[in-house]
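Quick notes on the structure that follows.
Chain lettering (A, B, C and D) follows the sequence in which the chains are written, and residue indices restart at 1 in each chain.
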């Protein structure tokens, strides 16, 4: 199979003498760094750690659901396990996944800046994440928490005796870590762009991070105050959500979902940015309808704030209000559809190759399309009544979050791995991992759609025996999926030492980040770049390469 | 003010600092007289809102109280926080904050208000 | 940089500015640094709007539901304390604005003076607030800890006609829950503000912010004014509900 | 297979006999829900098919071997408009269809038979008007609309019968309602679908849809003796409700006969329809619903009546206008010495128009 991969001559190639990785040595130079690339690496390590903890929880869930009775785990243990899975995966993996690692690494480079606007706040953001993570680990160590990641009142405030307060505060702190990341991105994108880098020359990766950052900055504080109120209600007993004191528990749902619905866009938008870059690079073609894709990100961010009550259609919100929220939900589906079709159209008359990031991106396209379309099932009022709170919704958001975001995350990690480390990952085994992940994913989560329509409720430790066959399929798929996630961990680690030297631009991509050495210098650019071309301008790249060859010749 | 902006740009013309967009701040030093004036107005408004609350205006008590609070807020935002002299970007940021806050309130209220209308 | 944009890189950029010590390496120039700092602060204030926004939203809903309870709860607060505190905060906002002005005009002594006055006023606010909270504790108005609707059934001292039926009197708990959550969060912001101010004061005494590097003072001013604005809304919403009844 | 591994064979048999991919259609709503479901699947298949076709076709046609040099294309406003408007139209169809179904599921017909459901950790308590009490089981006749009035005693629960395609959150402090009409006799799952604590997965039960004859037989055989309304009547008297709500000329409270379903005017001038939720709330929070023309003297009964007791009283007041109620009360009044001296409201003179001012 043909490839666009162009590596320097391995016999003479060396990693650059000076780069962000080896400018300083020692633990202190990492833990007190202001360099966005080093902070991205700190995030990458901590996020991977939490991903595998959350993954272990998922494995336990799937093992327990292999049989209809609650035999491997007792009901209360099961509840703690799925709560830990939810909280860790949402707040400690998905929300920071692409933005805090790849985004942190690339946003300043892509806009042509030396660093994010506030390096110290960037570092603070990581420390907050670590503090929150340690709190969460403490919660798990000292007995867990069983509220579900949704912290539903009055269950969480009055009816549980687990570590709800600590878990709530952990999420609160993690929320501030996310706010600081988003704030830094917005300021950087507005204020730190290199000369000539106009808004419409920005890569779509930057646009989607901009949109996600808006959601982080405006949505997260509402979650923060909601959790503060839950904690106050639990500790001293104020009565904002407590029905026995006159409060309305539905208000908690409103405030919680005011953040937590936009949060799914926080999770998916950066992934969409990765997909734009990858598809463009591997079809050697500018993204079809750049403006449409850019503005659809912003549209998702704006509309994302208007749809939260679709999580509450059966809860007893007013029927009029349900109508409004359902209508708006249908509208927010449109920008996602626009993106999908634009990515598909980008392939048209391209020159397509199938390296690992592209395979993950194809996986993203398929799975995210299914995830998005099943979202329409759930946004459609009458259908939502039957499907909500069942495995259908579990399958739906896993298709979006795992099939979408995680695929995009892996696509991004592979795509920028040579830039981050200066070395290539092994192509063959990584293609295999991409295929395994896709197959395992479909096998795991597709049966759950059927289970959901059959009516199997979510968060059940035990279930009626007629659901077993599909659950066994799902658990079998999960073990395949597990292999699919372990493989990259192994071969990426291997490649740190044994991978081929990548050179500055192995993919012949157009982004600013590919025009500098891999791994980059601490200050990214030796001289402030002046941007004269649009994003994805392959002709500019071809001319530039030709000129260089001529100069050298 | 335009003139001032031009000067500012002229001054930095030789420095590449991001693409030129009409959002760059000019740093305007507000005279203490303005602060004193605004501060006095705020105090007067404070005492008047406290006093007016003792007058029965029906539903307008709440309206007047909130109107005065909004007026006070505008004074603080425009003068103490320099938004009147700030870039369009700052103004847009402030507006975005209030817009999202209003979205939170109005969209939540669609539920609470229409719940009282009954089933359909 | 073997394969870079060097050919197209501007010759300018590094040449003529005089690198003051407070210009961070990743900014091109001071304007960019100051703009970024101000913009970042505004974005942070945006998050603060939404943080308090959640509570204001709850307030709005429950005030509509339990209006008589909110009236009675509001009547039990000391209007003099509320007005005094509003006055203190507004004056402190003024002094802070003057402090920023002093930093802008590079006058160290006035800057220090205004900062001290601001700190004292903020501290005065907290003292009054503490007095009020103590009062409410004595009156058994703290929901969850020692709440009793008694006073609202029999009528308060200031408003003896405020006699609520038991079910509505119980709902004053919602009012006081919001009251303590909102004033508590506000006071927390005040405490953080005063601590920051103390830190800035120490730095300013060493001349840190009168050398043209005014962003920290300016941004702290924004924060302080924001906290003032929150109180500007809390005052009528909590203290001034239907005082004429 | 069985000669390879008997255990595996055993599992396989067990699985295949317990295997389902589609839930039974057992209510009048189910076909409508399924129709929308299949429509949505159709749209999804078309959408996914379109994307998959484009991606696969382009990947083959324009792979690097076939097309070494890409043609740069800016975009196309026409195409953008196409794939904005077509999905928008499809999604709007989904919205309207879904909204119509929502209307159907959450608007009980007026002649529905009412059954009360109380959720608590971790069981369903079902109260039939005839006085049958069930736990984790619900017996209903087929071909008759059944309305459920749901409330939780503690946390959020959710009442879900997949075979009927209905679900409603059961929340504390407020009645929610849902209705269905079973069409096929059988035994169907009843789930709590909102996570409600440790034994959430044990909060399950069965719905028994029975022919009307079987249902009659079951109802007659399982009654506890007193109907809910009768219990309610006793509670009504023992709490002293009838000292005000007694329809005498000097009564302090509104007459409750025929009040259910009527529109009453509140002090602030608004009109509300008296339904279960309103009745329950006026008993607990009378100050929130002061009726025009009456002094606000009703005390709250918060903390004095259990949810079941409230259901009894609500059901009693609900029955106060029907022939059923009058006959039952007259028949039973002799047999019930607990009956206090004052006249039960239901048996007294016809009610004044609701909300009207007493002379």
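What we mean here is this: a residue touches a chain if its C-beta (ideal position, glycine included) is under 8 Å from a C-beta of that chain, and two chains touch if they have at least 3 such contacts.
All values derive from a computational prediction rather than experimental measurement.
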item	value
Innermost chain, where centres are averages of C-alpha coordinates	A
Comparison of A-B and C-D by number of C-beta pairs in contact, larger one	A-B
Of all other chains, the one whose Cα centre sits farthest from subunit B	D
Whole-Å separation of chain centres (CA-atom averages), subunit A against subunit B	35
Mean-CA-position distance for subunit D and subunit C (Å)	46
Inter-centroid spacing, subunit D versus subunit B (mean Cα positions, whole Å)	46
Distance from subunit C to subunit A - Cα centre to Cα centre, in angstrom	34
Sites on subunit A at which at least two other chains make contact	190-192, 195, 218, 222, 248, 250-251, 254, 258, 319, 528, 530
For subunit D, residues contacting two or more additional chains	103, 106
Where subunit C touches two or more other chains at once, by residue number	10, 13, 28, 32, 35, 39, 43, 46, 49-50, 53-54, 57, 61, 65-66, 170
Partner subunit A, residues of subunit C touching it in the complex	1-10, 13-14, 24-28, 32, 35-36, 39-40, 43-44, 46-55, 57-58, 61-62, 65-66, 69, 142-145, 170-171, 173-174, 176-178, 180-181, 185
In the complex, subunit D residues that touch subunit C	284-288, 296, 298-300, 302
For the subunit B and subunit C complex, residues of the former touching the latter	12, 14-18, 24-25, 27, 29-30, 32, 35-36, 38-39, 42-43, 46-47, 49-50, 53-56, 61-62, 65-66, 68-69, 72-73, 76-77, 79-81, 86-87, 89-90, 93-94, 96-98, 100-101, 104-105, 108-109, 112
In the complex with subunit B, residue positions of subunit C that touch it	10, 12-13, 16-17, 28-29, 31-32, 34-35, 38-39, 42-43, 45-46, 49-50, 53-54, 56-57, 60-61, 64, 79, 82-83, 86-87, 90-91, 93-94, 96-98, 101, 104-105, 221-222, 225-226, 228-229, 232-233, 235-237, 239-245
List of subunit D residues in touch with subunit A within their complex	14-16, 18-23, 32-33, 36-37, 40, 43-44, 47-48, 51-52, 54-55, 58-59, 62-65, 67-76, 79-80, 83-84, 87-88, 91-92, 94-95, 97-106, 121, 154-156, 158, 160, 162-163, 165-169, 171-174, 176, 189, 191-202, 204
